[in-house]
Amino acid sequence: MDSATIKNLLQQVQQGTLSVPKALDQLQTLPYENLRFAKVDHHRSLRQGVPEAILCEGKTEAQIIAIAKGLLKNKVPVLATRANPSIARALKRVSRRAVYEEDARMVVIQSTLPKPQGDVLIITAGTSDIPVAEEARVTASVMGSAVETIFNVGVAGMHRLLDHLDRLQRARVLIVIAGMDGVLPTVVVGLVKTPLIAVPTSRGYGANFGGVAPLLTMLNACSGGIGVMNIDNGFGAGHLAHRINVLGAC
Amino acid sequence: MDSATIKNLLQQVQQGTLSVPKALDQLQTLPYENLRFAKVDHHRSLRQGVPEAILCEGKTEAQIIAIAKGLLKNKVPVLATRANPSIARALKRVSRRAVYEEDARMVVIQSTLPKPQGDVLIITAGTSDIPVAEEARVTASVMGSAVETIFNVGVAGMHRLLDHLDRLQRARVLIVIAGMDGVLPTVVVGLVKTPLIAVPTSRGYGANFGGVAPLLTMLNACSGGIGVMNIDNGFGAGHLAHRINVLGAC
Amino acid sequence: MDSATIKNLLQQVQQGTLSVPKALDQLQTLPYENLRFAKVDHHRSLRQGVPEAILCEGKTEAQIIAIAKGLLKNKVPVLATRANPSIARALKRVSRRAVYEEDARMVVIQSTLPKPQGDVLIITAGTSDIPVAEEARVTASVMGSAVETIFNVGVAGMHRLLDHLDRLQRARVLIVIAGMDGVLPTVVVGLVKTPLIAVPTSRGYGANFGGVAPLLTMLNACSGGIGVMNIDNGFGAGHLAHRINVLGAC
Amino acid sequence: MDSATIKNLLQQVQQGTLSVPKALDQLQTLPYENLRFAKVDHHRSLRQGVPEAILCEGKTEAQIIAIAKGLLKNKVPVLATRANPSIARALKRVSRRAVYEEDARMVVIQSTLPKPQGDVLIITAGTSDIPVAEEARVTASVMGSAVETIFNVGVAGMHRLLDHLDRLQRARVLIVIAGMDGVLPTVVVGLVKTPLIAVPTSRGYGANFGGVAPLLTMLNACSGGIGVMNIDNGFGAGHLAHRINVLGAC
Amino acid sequence: MDSATIKNLLQQVQQGTLSVPKALDQLQTLPYENLRFAKVDHHRSLRQGVPEAILCEGKTEAQIIAIAKGLLKNKVPVLATRANPSIARALKRVSRRAVYEEDARMVVIQSTLPKPQGDVLIITAGTSDIPVAEEARVTASVMGSAVETIFNVGVAGMHRLLDHLDRLQRARVLIVIAGMDGVLPTVVVGLVKTPLIAVPTSRGYGANFGGVAPLLTMLNACSGGIGVMNIDNGFGAGHLAHRINVLGAC
Amino acid sequence: MDSATIKNLLQQVQQGTLSVPKALDQLQTLPYENLRFAKVDHHRSLRQGVPEAILCEGKTEAQIIAIAKGLLKNKVPVLATRANPSIARALKRVSRRAVYEEDARMVVIQSTLPKPQGDVLIITAGTSDIPVAEEARVTASVMGSAVETIFNVGVAGMHRLLDHLDRLQRARVLIVIAGMDGVLPTVVVGLVKTPLIAVPTSRGYGANFGGVAPLLTMLNACSGGIGVMNIDNGFGAGHLAHRINVLGAC
Amino acid sequence: MDSATIKNLLQQVQQGTLSVPKALDQLQTLPYENLRFAKVDHHRSLRQGVPEAILCEGKTEAQIIAIAKGLLKNKVPVLATRANPSIARALKRVSRRAVYEEDARMVVIQSTLPKPQGDVLIITAGTSDIPVAEEARVTASVMGSAVETIFNVGVAGMHRLLDHLDRLQRARVLIVIAGMDGVLPTVVVGLVKTPLIAVPTSRGYGANFGGVAPLLTMLNACSGGIGVMNIDNGFGAGHLAHRINVLGAC
Amino acid sequence: MDSATIKNLLQQVQQGTLSVPKALDQLQTLPYENLRFAKVDHHRSLRQGVPEAILCEGKTEAQIIAIAKGLLKNKVPVLATRANPSIARALKRVSRRAVYEEDARMVVIQSTLPKPQGDVLIITAGTSDIPVAEEARVTASVMGSAVETIFNVGVAGMHRLLDHLDRLQRARVLIVIAGMDGVLPTVVVGLVKTPLIAVPTSRGYGANFGGVAPLLTMLNACSGGIGVMNIDNGFGAGHLAHRINVLGAC
């Protein structure tokens, strides 16, 4: 219910086609998104076409199905993260448009794909970081960003990284994903002027502590310009990258 | 030594005005910034005018002076962070242009101020978060971003936050700074479409663990779109905000 | 052995029907519940009708059965927490009155339900927090509190929370349950005057550390008025809520 | 702006005494406190008479003075916590009514003392826990609770604790404060039916980790019914105790 | 090779019945247990009859069998800890004297039982602490201590503990085992004069951190006189208890 | 009020010299130390002559003085730990018998020294562990144990340790104190049959974490027979050593 | 493209057989290995014959196969670590030369074995440390080091260690592997002059924290001369040992 | 007392010039360094000329003086680490040969400098890492290694590092020192074939945790070949580097 609607309501009252009690009723029951608080939800309408995420871990299959159905009824695209094949199959039964991005462990249910804009580049240090990279890629893509990926350019073989230097410097936003010691973002941020999102992964063992080691490495990167995500949080990285990527993009 | 320089060198060889051994010599001793690796340093020239940061903590005053003098000799502006008044006085003796931003604990030595562009907004949850906010503000400002600040809009009094909702939604980049439980970024990110940089501060006591509590809160924000900095790292936040802010800005 | 018993004993001594050595013997072997220490156990009789909890995790099925049988023999209602379906089936074989609250993972064996009093409201940030909420609900209910629940009103969609503001402000006691970053209690406590019990859950990943992140968030909530429970401790929250709820309730 | 106000506005529109654009304007610019969101601030008016807390640690003396003056101008009582003697002197210069509670490290500026109601009892395990207990006592007192304290009844000399058993069982709310191993709340909660707020203190050394040991002890108390506060958070305990204490109190 | 042997050797040299090179050879190859370093191994012979422990966790079944066979060949009794039923069966195939203590998860292979001496008392706070208690009981028993156990006397029902006060005060050595918050040793140590060994167990959840909570509680017990073991280390507790118990015992 | 007193009371009732109501009164108001609970305090009288410890850290000088005076009035010897010279001077003003053990940072106020019995041996790995060793020595000594110390026999120069092997094996109880990596107890426990109390100290830097490293080393010692104390807890070690040492000692 | 190549290029330009644009092109597209940056890759050619490691954990079987095939195509030997039997079988299908070192959980694919040089000695404290030791042994061996192992010489039975003292002192490089309390390296480093690499293992329980306890012990060893590896990192230890071992070896 | 001495002793017995009891006596009282255990101390004589280190932190000045005097009396050179100027002055009073290495915070007392051999190279990421580097340099130097240092070649300006590539690849042993995120060793180890010792420093703030962040980074370096030292442990790094450097050096 936007300004036009309220204006119309007031005009009806003025014209006597709507009684005061009924108008009051409508105003009082109008969704909170209206009037002042509507500002909060300006972004909601803008989100139309933007999927709502469901973190599948910790939810039962029945709960996931119920949430997805609720979203689809309201025409909200669905982005189910950390979805195993069984959940994927269940969601495919909910909607034939459901696509299972297996490497990303995600299910996407979206009727019209947004036109890709901008330029998000995702790189990983190792092969085992790929699932997190894929989660970021799918997230930013379904939101409308153009995304590319380069895997396995860790610091151990610096030349592989330098081979891609041009590409790195050309991107609008970089997502750099690394497990183990997580040094890749520190090295990359010194080579580019681009905003850089660093994602530690839980790949490693021993004093890696399930991703704490690369997380700390990234938080302590002495060159500024790095925004750090939670361990394995490809979704968050994709989301933030998209928010940055659309700034003045075309 | 860019393409033009090398082309000129080759032409001299072709024209016989430069001997092969001398050309070889020049090519081999040309600084690493040239040829392929020059790409790395393309951004260096772009950094001209961008200050080089000196983290004063852990350095002796003599070391700080020496580094600052070295930078100034090469016309590189200086951004001394975590500088106490004594360091500030010493740097003012080095350059009369040195400005001490006391709240930010920073000394800036910069000959020409860049024209402010874009729109970075910094908000803090509490009064004690101001030094970190000031460090971010000065950093982004000297790099060339237009920056504004709103202090003390924590979640305890939600209305104060909502009073500024319009302003929050209008910014190109948001820096949200909070100590204690660090919930402000989580609340804000749901109200805006803007890229959001969250900075935990070490303000708090007990199970705050010097900023670990708000750091974890921010890393675990279930809404995506938040890039987290190290505890108290206002400099890094300002730097990243500037990198994002200049994307397509004017 | 209360005052009357001792008085009687003394009278027997006075009347010569009980010898001093035998009286001494009886006094020295009288159960600790008597005399001064009896105060400790005043509350015991008051607990009659209040179930005794059995934490099933870490116990064998045989041990659980044995404990339950012991309690039932003494007419003490049973509240088995963290009970899997197999334990539930075993307890149903022990008593036909056993009820399995599957979402709460609890088995209740109670002959007469206490009349619900007061008003405990339990809210959760997410869907995966429901098992902990259910554990709290069942606990407070079987102890005699009137309990209601509202699920899935996390901060990401603030409007969902605000929709329930009236209800939140009307409750006598609030239990607020959240995993991930655990910010919901901080936001709620600023909106109500009610005592608030916060329960972090282990739902999350990476730097969530199995619930440590929301635990720290809740402990550091800058608004006072929040009592924090152990991670996933729905039982404790229900118990404390009941203790508060019965203060002057009707 | 409540229902009546809006009804009146609509009537004016109906009667033609208010034009539609002007009505629209009024509706759109009405403060967020109105209509739906007004609920949020119902509790604000209720807070009148309740002091607003200023955590002095991490703030400059100038900042504290400024905040206090702001509050006093709006007739809001001031409760400055973690205030050293120098801050106390400064606040006394701001208001002659300022009282320095030295053991509690607090300054209270409140014109009329609320009539004490209910019964909050605070006990400490040791002598060094007294400052935290005093912070809780002053907080609950200035909010309007009747508060008593018993110090130094730790578990090492169990008899001292049992001497006070009657008193413990009679209180409406208990605050139990302990450092070192923090076992006192576990022992007390088994002896009473009262809601119990446990506060770990940072008193101890070595593997105490500045209060982490008693914090964990209290969070893991196997008897339910304990709400835990942050380490040394006497203010929060006093606040929560007051919220509980006023439930049906007189 | 003791003094007598060396004296005999020297006499043979003196008498010419042993050549110097052969004597030198014998002296140089005499086992390190001789001469000065023999002191180290004095205690070895004393250990005769004392079982050698094999921690089964982290070893393959083949490795365990091999170690056990090696020990038995040298007449050293075997004490296999953390042994699952499959290992127990395998060890029974190695020696018919092998006894599987199922609750203790131990296999004992010992030909002659030492005569029990002294008086070790083991108490547990809860039912789930029994396996650790059993490990301690079997260990101290096979070493030669008289051991008794009392289970389930936690602080929640203090009366159960006080019922056994006489017995507690009579023991030579106490082993007190508790998970969750681990407060039992603190309470007990104030009631007795006996040396007390505290064993935290990993029973608990959430902020229990697999036994860290009770470990810290026990390390911070403000009453002295408590020696703490590693989490779940029933074996170590039994061993230390035995060492203490045999001091002047009969 | 012991058995004799109660017997006497009963006899008075029997003889008619005490009325039943008065006897009942006396029995009901007799201090908790009587009857059953008196058992708890049997050990209290036994403690006569044993000093009561005051941990000075975290207490004001006034509080320490007050506690000491209270103890002395009841003829209880005082053992003030972590006492700085200023506290020592203050306590000397309270009692001329006060002795300041400077290395141990303790003040002892005790009229008659107990006759030393048994044999406690304290060894330290390094020179900086001496204060903790001294705290243990003074504690066990004033309780009545014969104590000797050997300093600086760390594992780096194994020969120094082996030089004292005889002495180590002869002691009734060993206290082994080590900072840094804390390996000394592990090495010693394999060389003796004696009960061994290990005390980690906070001496070290970096990943020592204020004594956490040696604490963990000691808790994980694979040879059993080690009871571990809190970091720097010389008092607790002395107390436990004394409890063990008096078992059958002479 | 070395100096000769560039010289030749310049000569062609001088002689007019190569146009300036084409020369420029060649210079600009010459691989980064050339000129200055070529230094980086000098070591690459030296690595010929040295296997490239694949950490199998966290990779799919398909990914491992693909990486191995890629390496083999380039004649790079393969060293797959943390390989389970299924991966071993798959790699054997890739190359008949693949050897599965089961205890080390490694697959080696190497055509010609390097001639063993130097002398690396690996010792373990316990039986369960063997897999880590085997990983180190295989790694150093396939790189070309002569390696020997001695298992099960922990500190509990010091004599077993001292039996091998000669051998320890003779080695060029020592790798010392220990779980539990991890004291073996501290003890050994004091007995030898050899460089010592310490590897903590995750063998242990409770306050071992998956190898953190021995890791800290090793980092805090007060005798210098110990280089510490990540928990369970046999591969890294083998690699470093080989780098040290080949210094002046033959 | 080596083989020759014992042979001589036996011959005296054979020849009747030494009685059996006297021979037995001599054999039994020969120092433990003889016979088998003598092996342990072979390295002791080899240490002659190698300084003995005194960690000054945690020791009183009197203790340091006493230890130094003891060493000097036995002609053992002294290496006092973490020595402040006051300690340096005190040691200069003990020996005029004492040299204070101020940047390294060390005092060296050594009569004859060993001839430098081999080639140890120490590099630091930042200026504030210099004290740790100096501690390593002085340690390795006084032990006899030729040492050079390059400061301030962190990853932020990769070119500075690459400028020194030749030098890095030429060294026998590398010590790489870094605080903050500690990524320098990971980057360097991929560029060289040299054994690399990594030292994390405590330089940093926030989630650096006093050096834990770079420590974890270094332990998790995915390229092998890195031996990690305790935080700030320059002494240990210098010692290990020397042990490696002398392998086949000249």
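Letters A, B, C, D, E, F, G and H mark the chains as written, and numbering starts fresh at 1 in each.
In this section, a residue touches a chain if its C-beta (ideal position, glycine included) is under 8 Å from a C-beta of that chain, and two chains touch if they have at least 3 such contacts.
Small disclaimer: the values here were computed from a predicted structure and weren't measured.
A.B. asks: Can you list every chain in contact with both subunit D and subunit H?
C.D. replies: Of all the chains present, those in contact with both subunit D and subunit H are A, B, E, F.
A.B. asks: Common contacts of subunit C and subunit F?
C.D. replies: The shared contacts of subunit C and subunit F, listed by label, come to D, E.
A.B. asks: Among all chains, whose Cα centre is located farthest from the one for subunit E?
C.D. replies: B
A.B. asks: Determine which of the two chain pairs, A-D or B-D, is joined by the larger number of C-beta pairs in contact.
C.D. replies: A-D
A.B. asks: Report, in whole Å, the distance between the mean C-alpha point of subunit B and the mean C-alpha point of subunit F.
C.D. replies: Comparing mean C-alpha positions, subunit F is 56 Å from subunit B.
A.B. asks: With chain centres defined as C-alpha means, what is the inter-centre distance between subunit D and subunit G in Å?
C.D. replies: 59
A.B. asks: When the C-alpha atoms of subunit E and subunit G are each averaged to a single point, how far apart are the two points in Å?
C.D. replies: 39
A.B. asks: What is the distance, in whole Å, between the centres of subunit E and subunit F, each centre taken as the mean of its C-alpha atoms?
C.D. replies: So the centroids are 25 Å from each other.
A.B. asks: Taking each residue of subunit G in turn, which ones touch at least two of the other chains?
C.D. replies: 32, 36-37, 40, 55, 158, 162, 191, 206-208, 212, 215, 219-222, 230-231, 233
A.B. asks: When you check every pair of chains, which ones turn out to touch?
C.D. replies: All touching pairs, sorted by chain label, are A-B, A-C, A-D, A-G, A-H, B-C, B-D, B-G, B-H, C-D, C-E, C-F, D-E, D-F, E-F, E-G, E-H, F-G, F-H, G-H.
A.B. asks: Which residues, counting only subunit B, touch subunit C once they are in their complex?
C.D. replies: 125-126, 154-158, 180-183, 186-187, 190-191, 204, 206-209, 212-214, 216-223
A.B. asks: Can you check the complex and tell me which residues of subunit C touch subunit D?
C.D. replies: For this pair, the touching residues of subunit C are 36-37, 39-40, 42-43, 46, 53, 55, 139, 162, 165-166, 169, 172-173, 191-197, 215, 219-222, 224-231, 233, 235-240, 243-244, 247-249.
A.B. asks: What part of subunit G is in contact with subunit E in the complex they form?
C.D. replies: These residues of subunit G touch subunit E: 127-128, 158-159, 162-163, 179, 203, 205-208.
A.B. asks: Where on subunit D is subunit B touching in the complex?
C.D. replies: Against subunit B, the touching part of subunit D is residues 32-33, 37, 40-41, 44, 55, 57-59, 63, 67, 200, 202, 210-212, 215, 230-233.
A.B. asks: How about subunit D: which of its residues touch subunit A in the complex?
C.D. replies: Of all residues in subunit D, those touching subunit A are 3, 6-7, 10-11, 13-14, 16, 20, 23-24, 27-28, 30-32, 34-37.
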